[in-house]
Amino acid sequence: MISFFYLGIILFLAGAIASLIFNQRAKGFAYILTSIGAIFLAIFGVLLLSSPPVNILSISITPILEFVFRGDTISGFFILVISVITFSVSIYSVGYTKGMANKGVLGFLFSIFIVSMYAVVLSGNVITFLISWETMSIVSYFLVVFDTQEKSARAGFIYALMTHVGMAFIIALFLILYKYTGHMDFAGIKAAAGNLPDAVKTMIFIFAIIGFGTKAGIVPLHTWLPEAHPAAPSNISSLMSGVMIKVGIYGILRIIVDILGVGPEWWGTVIIIIGAVTSVLGILYATVERDIKRLLAYCSVENIGIILLGIGASMILASNGLYKLSAIAMTAGLYHTLNHAVYKGLLFLSTGSLVHATHTKNLEEMGGLIKLMPYTAFFFLIGSVSICALPFFNGFVSEWLTYQSLLSNFQDVSATAKVAAPLGAAALAFSGALAVACFVKAFGIPFLGLPRSHHATDAKESPPSMITGMGILALLCLVLGIFPGHTIKLFSPAVSSLTGIEYMLPSGKGIIHISKTAVDLSPLAILVAMIAIFVAVVVLIRIVGGKSRVTHGDSWDCGMTSLTPRMQYTATAYTNPFRRIFEKIYFPIRSVNSVYILKPLILKSVSYTNEITPTFDKYLYKPITDFIHSIAGKVKMLQSGSIHLYLGYILITLLLLLLFWF
Amino acid sequence: MEYLQFVIIIIFSPLVQGIIKKLKANCQGRVGASILQPYYDLIKLFKKEMAFSRVTSWIFRVTPFIVFISTIVAAMMIPVITTKSSFGLMGDVIALIYILALGRFFLALAALDAGTAFGGEGSSREMIVSILVEPMIMLCIFTVAITAGSTNIAMIAEPQNFIFSPSHVLALLAFLIAIIADTGRVPVDNPDTHLELTMIHEGMILEYSGRYLALIEWSHYIKQMILFTLFIDMFVPLGIAHDTGTTGLIISSGVYSLKLLFLVGFMAVVESTRAKVRIFQIPTILGGSFVLAVLSLLTLIMVGK
Amino acid sequence: MKDWIDLLYIMDFVSIGILLTAISINSLGRIESWIKAYMINSWLLSLLIFFVAVKNPEHHLYLASTLTFASKGILLPFFLKSIVSQMKKTHVVETYLSTSLSLIISGIIIAIVYVSLGKGIFVTGFSSFVLKISVAVILIGLFIMITRKSAMTQILGLLFMENGVFLAGFSLTFGMPTIVELGVVFDLLMIVIIMGVFMIQIKQKFSSEAADIDQLTNLKG
Amino acid sequence: MIGLLIFIPLITAALCYLVKNRRGIEYINLFGAAALAIAAIFPITASHSETIYFFREMFFMDAFSSYFMMVLVFIAFVAAMYSIDYMGHEFKEGVIGISELRQYYAFLHLFIFSMVFATVSNNIAFFWMAIESTTLVTSLLVGFYRSKESVEAAWKYIILCTVSITFGLLGVFLIYYASTSVYEDTYQVSRLGIIGTLKWTELREIAHEMNPETLKLAFIFILVGYGAKAGLAPIHNWLPDAHSQAPTPISALLSGVLIKCAFLGIVRIVILGNMSLDTSYYNHLLLIFGLVSMGIASAFILTQNNFKRLLAYSSIEHIGIMAIGIGIGSFWGIYGALLHLLNHAIVKTLLFLSTGRVRLKYNTTMIDKVRGSIVVLPVSGTVMLLGVLAIAGCPPFNVFLSEFTILKAAIDKGNWVTFALFILFATVVFGGIFYHFGNMAFGKPGTDIEKGEKKKEYKMSLMAIIVLAVLMLVLGLYIPGFLDGMLNSSVKIITGN
């Protein structure tokens, strides 16, 4: 079983080396290697899920520097997630990177990035975790700034800085854990973590939320996400958005749920509140985006919120001793983790092929692409339907489970938790509705209607490898949606090792049944019913209406001469009502400036700009940085350039030392 | 037998629409068309030929089917005259809402497909209404669901006793407003107009004609009736049968039609006494009822059943 | 023949004289007089070393005293004088503080030194007394470096500090091993020479006759 | 063996000054540095087990100084290697003539000589002289370009360092006095009256008998004296000026070795202190100086516009980190500090060398004049960025390892204040340094700068840079056994058991 692991990793490293060696001549076979490696590691992950924890590797160099890699069911689950996405992204990348500037470096970073993510979820002690974690961050940083432009450099800087701040908190929390447990090894820490003082536990909880939340992108630590993900090449963005932020979730699960164990109830409440806020704000910002990749990035924020809702519910239930329900909630969380990885990966890949074909990320310049790029359009549609949690695709099942776990009746739960959970469900409903709106726009504007610019008119469909990559994920969206029972069975060991009880959702014949609340869900049945009805309907129409007669004409243009693309609704126009309604959240900045030839009679041109205020940058981060800079500015006085002053420092230092230390 | 109760909805939904129209006409002192008029319209439409815009894509063609089918599947899920139905295993009330959302999603897409300004306008406004209405409906559902300890509609409708806690009253009011908004009725939308400033639903389906239009209209009727039925099941389930005994079924169908008539009357009255509001006043109305829904949930949690 | 030294407290007087010459700098206005003061200071230093040598017969101390006299008392002053004489313009020392104020501050410094070194009872008798004086001399040297503008005064301040250190060395331990003394003196000479070189460069680059180093503020931040 | 170490640089310097043609000088320089590195191997290996002496115990090498010697000779070799390209470029540009070239190499090797001398000298007074002579030599190198700024920097450098080191001499005298008092107690009175000792090895033997008060006073003077040279804030002010004005290889040596050489002097006194009664006194002083240095440096790094000065401030920060490590005083703290000494030497040298390539390309040291260097210089630019990540303490690079060790030690001691401030300052520094160098690396380069680095011309410097980069990465993931052994025995020497 471990041989699978080694085989996979070797293949990845081989891919990395290969793509470095034949830099530009590499015909993308590095990606073939990685895709095969991904298959091996997927197998490894599945095996891990069904086996007791295994020690993979441990090298002790000095007492400080020991590399310990250990796999258990939790890491197994995440390995599975990573591998699935990696597999299709690798296949996609073969076509995507064709003719790219220094793609050899890209291939190298790609492989190392994935390896480092595997390393994170497998690391068995602090130092290993930290090294792999930061390696992951650094490599992803280099991928963000890959096209050495000013803009992406800025994005990269924000990203690197924020993850480094997160890193500081992570280091702190690990060292505190070490101080109080005396262990650097996760197993040892977990064993000793039971009798930590509550204050310490709380501190670690908070640090973990901040540290890993930064990577996962919880509000208000999400600001790097919409900057960094669009800047990276699209195959990388799909990895970052699909997988890397999940590694942040892994950290939260590993530290809070696995190591600290069942905590006080308010932890869960806090997590639910964070989740609710994150999901709603994330999708609200996504809705009004015009840059399609930023839109998707904000959607990732929303989905992280939904995942946290599941986890939080599970924690509340666990701390009230309702273990079965908590297991269900955790299932919901993990399931959504998997699903989001799949459909967000798919969406970013299809967006990638969109951008690849149109050379723009601006929705306003696209349109009518469904005719030019049918496959991409179809896969993007599937992705959208899944992310909107519409029935019989995968997002639906996990969100449904999340609802169930949030609504599962809380008997002896404190008032705050009682309020928080249903309101969390309400937030979920709200963000769900918003997601529909958001993706109607995200699919409708670029793909439907008439082309809005030459970018759209001379786009063409992507090469087969890219289509294959998307197709795999699209298929997965459907399969995970229709056969939830089998999927849940697959990763239920991870759930039980997280919640500490052997409980598996009774789900046979494609039906999920929650006995506690006597509800069932069977996407399969829904699908079958739909097909049956479809046939019935077609027959019936035939009977009633006879043979269908169709004439083709132009769209109705109110009797004007002809319909031009400029008459269509733009993305901005589409979401204008949203900006109007939620202006207390967006703080939109509208400005109409007219250029006159002869004021006020003859108007030359009118231009209209409509932006939303970057609230968090403006009101949270800027003050902090300004404060630090002002202090630095004051300190800068010290080095005024006058040597007399410097000599004065020496004198004063000496006198102070003589007076106070002697 | 009990598996076919959804057919009731499918068949009678145009009738309900007809009755509402009739009542409205009477309220406004007109004679109005016959209550069977919707049927005539549908049959007529089925027979007519269709005109497609050249701009449109396959999305435009599949949408009517998806909308119609998903609506029917939703109809299969709710108990109409008896709570005993194995279609419950397809999903619960939350699933039902999401299935309806599927139809809405595709309808909004199809509206954008023709590339006209009306389509975009309609779809955008539809989305605005839906993001306000859907959570509202959800909240009302949560209220009753937490009371019943399940989101299974049958389970919600099982307890005959006609619960009348403050939370339920609030939820009931909120749900009524939600229905008004979601079925596209005054004051939120005006189903009888094609004035571009006012229309929402009509704007979306402007490009449709012939049998596709028929499918969409019909599914619109069905959806309306589903919402009525859902209302009945959630708040006034009194009299609904628990088994498939003939007597029980007869009684419950009688009761059901009475409740339905009451609701229909209510709708008619509301529509003829209210005026259509500006699009940007809708949020204030819906927002108010949204607060009602939240309050209902909070009171339930705080006060208890 | 040693006892008369202790009888007449000659060494105390000499060391006090060293301190006074150091303090006197504060009130002197012309560089030439500074150099004179330094010369006297060095002579007193060598005298003190001589007395130490007399008091307990270590031959290398005689050597040290003559060495000090030769280098600090004769060689350096003349070297400095030659540099000063090259400066055509003013030989007035420009200062940041008024004479009285700088005198007061140097008084404060001396007080601090006496207080802080008074605490430890680790150095005894005569040595402790001279240690305090020498530290005071060093700090005053630093102080005049801080408050005077021209490069020359900085060199002189440095030299006063060195004298203070030597004072400490000989008073505390009756001298270092000879090689150390030689090395230190050699270092001192090197420093002064190199500083002279740089002073000339400053005069060229900054085109200021008195080599005012308060112009050297291009590098900051 | 130690004799070789002392004489090789001297001879090299002399030869460099005598030879007249460029190639010859360069080869002599390279071979001299190489010979020094090779010659250093034997004493290092020999002294690993027990202390070795040379010339009437005047010179010595124990594990600690051999560890330092290793760093020194390595960095010296790299710098010498790099100088060939750098100075060659300046020579071709006509910035300097052949005579300056000769002076440069002569001074370079004198500089190396004085540092070697300081490292191996057993006599603390000789150590003082060596440090002083480094000041003299390097001041000439700082003023090498004879521009207004460089003269100014040289003047400040020589004044500040000499003034402060004068206090160091006083400290040395005090220690000598303390030792005499010991012999007084033990009635070792010779014909010449009371004699003390300046031999560090002997001092270590008798340290526990010395008067702790005297040692404290001595330590204060030594700390101020060598601290200024080592660049401990707030008496660091010479450092940014000198670093920014000196030729790049010299900056690398200053930052990589010299300041640590002065730090070595402080550590040796700390060792004596550890022998005597209370260690907390010394540790507190070091901790305070370290934290102040980190704080001040971070502030200056944040608002810096000249990358060489920025690197200089980062050196201040890292000296601060070493001081903290020593100040924590536990085994792992000192271990971390010593490891950090090596890591910082490697990474900082790397940074100076790679930014030196940038400086030659853009010929400016202003940050906002440099854009897109990663496009212009693919290798150096990338390595520069990696080095920045490393210096900012990111895994998987070596600096993280030592910093983590120090943090762990601080936690072990329960020293929360240090822990918190350390992390805070380190994060601020990351922000500042990464912001500036990110701007330098990316963006659109000016049109006048031609892209690509001509490999054959700069193969020497590129080789140097790449070697350092590889080391940086390897030491981040692996600590070779002999290094670990050296560190352990050095720590034992410092903790004194």
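Chains: A, B, C and D, in written order; residue numbering restarts at 1 for each.
The criterion applied here is as follows: contacts are C-beta pairs under 8 Å (C-beta built on N, C-alpha and C of every residue); 3 or more make two chains touch, one makes a residue touch a chain.
It should be emphasised that the depicted structure is a prediction, and the values quoted were computed from it without experimental measurement.
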Shared touch partners for chain B + chain D come out as A
Please state, in steps, how far chain D lies from chain A along the shortest route of touching chains.
1
Let me spell it out: compute each chain's centre from its C-alpha atoms, then which one is farthest from chain D's centre?
B
Which chains share more C-beta contacts than any other pair?
A-B
When the mean CA coordinate of each chain is compared with the mean CA coordinate of the whole protein, which chain is closest?
A
Per the C-alpha centroid definition, the whole-Å distance linking chain A and chain B comes out as 35
Hey, how far is the Cα centre of chain B from the one of chain C, in Å?
100
Approximately how many whole Å separate the CA-defined centres of chain C and chain D?
31
Quick check: how many Å separate the C-alpha centres of chain A and chain C?
70
If I count partner chains per residue in chain A, which residues reach a count of at least 2?
636, 639, 643, 647, 650, 654, 658, 662
Residues of chain C whose C-beta touches two or more other chains
117, 120, 142, 145, 154, 213, 216, 218-219, 221
Residue numbers in chain B touching two or more further chains are none
Okay, what are all the chain pairs that touch?
A-B, A-C, A-D, C-D
Chain C residues touching chain A in their complex are 96, 109, 112-113, 115-117, 119-120, 139, 142-143, 145-147, 149, 154, 213-214, 216-221
Can you name the residues of chain A that touch chain B in the complex?
367-368, 370-371, 381, 385, 388-391, 396, 399-400, 403-404, 407, 409, 415, 418-419, 422-423, 425-426, 429-430, 432-434, 436-437, 439-440, 443-445, 447-450, 511, 513, 517-522, 525-526, 529-530, 533-534, 537-538, 541, 544-546, 548-557, 563, 565, 567-569, 573-578, 580-581
Help me check something: in the complex, which residues belonging to chain A touch chain C?
636, 639-644, 647-648, 650-651, 654-655, 658-659, 662
Which stretch or stretches of chain B touch chain A in the complex?
43, 46-47, 49-59, 65, 68-70, 72-73, 76, 88-92, 94-95, 98-99, 101-102, 104-105, 108-109, 112-121, 123-125, 127-128, 130-132, 134-135, 138-139, 142, 145-146, 149-152, 155, 206-207, 210-211, 214-215, 279-280, 283, 294, 297-298, 301-302
Which of the residues in chain A end up touching chain D in this complex?
61-62, 64-65, 127, 130-131, 133-135, 137-138, 145, 148-150, 152-153, 156-157, 160-161, 164-165, 167-168, 171-172, 175-176, 178-179, 628-629, 631-633, 635-636, 638-639, 643, 645-647, 649-650, 653-654, 657-658, 661-662
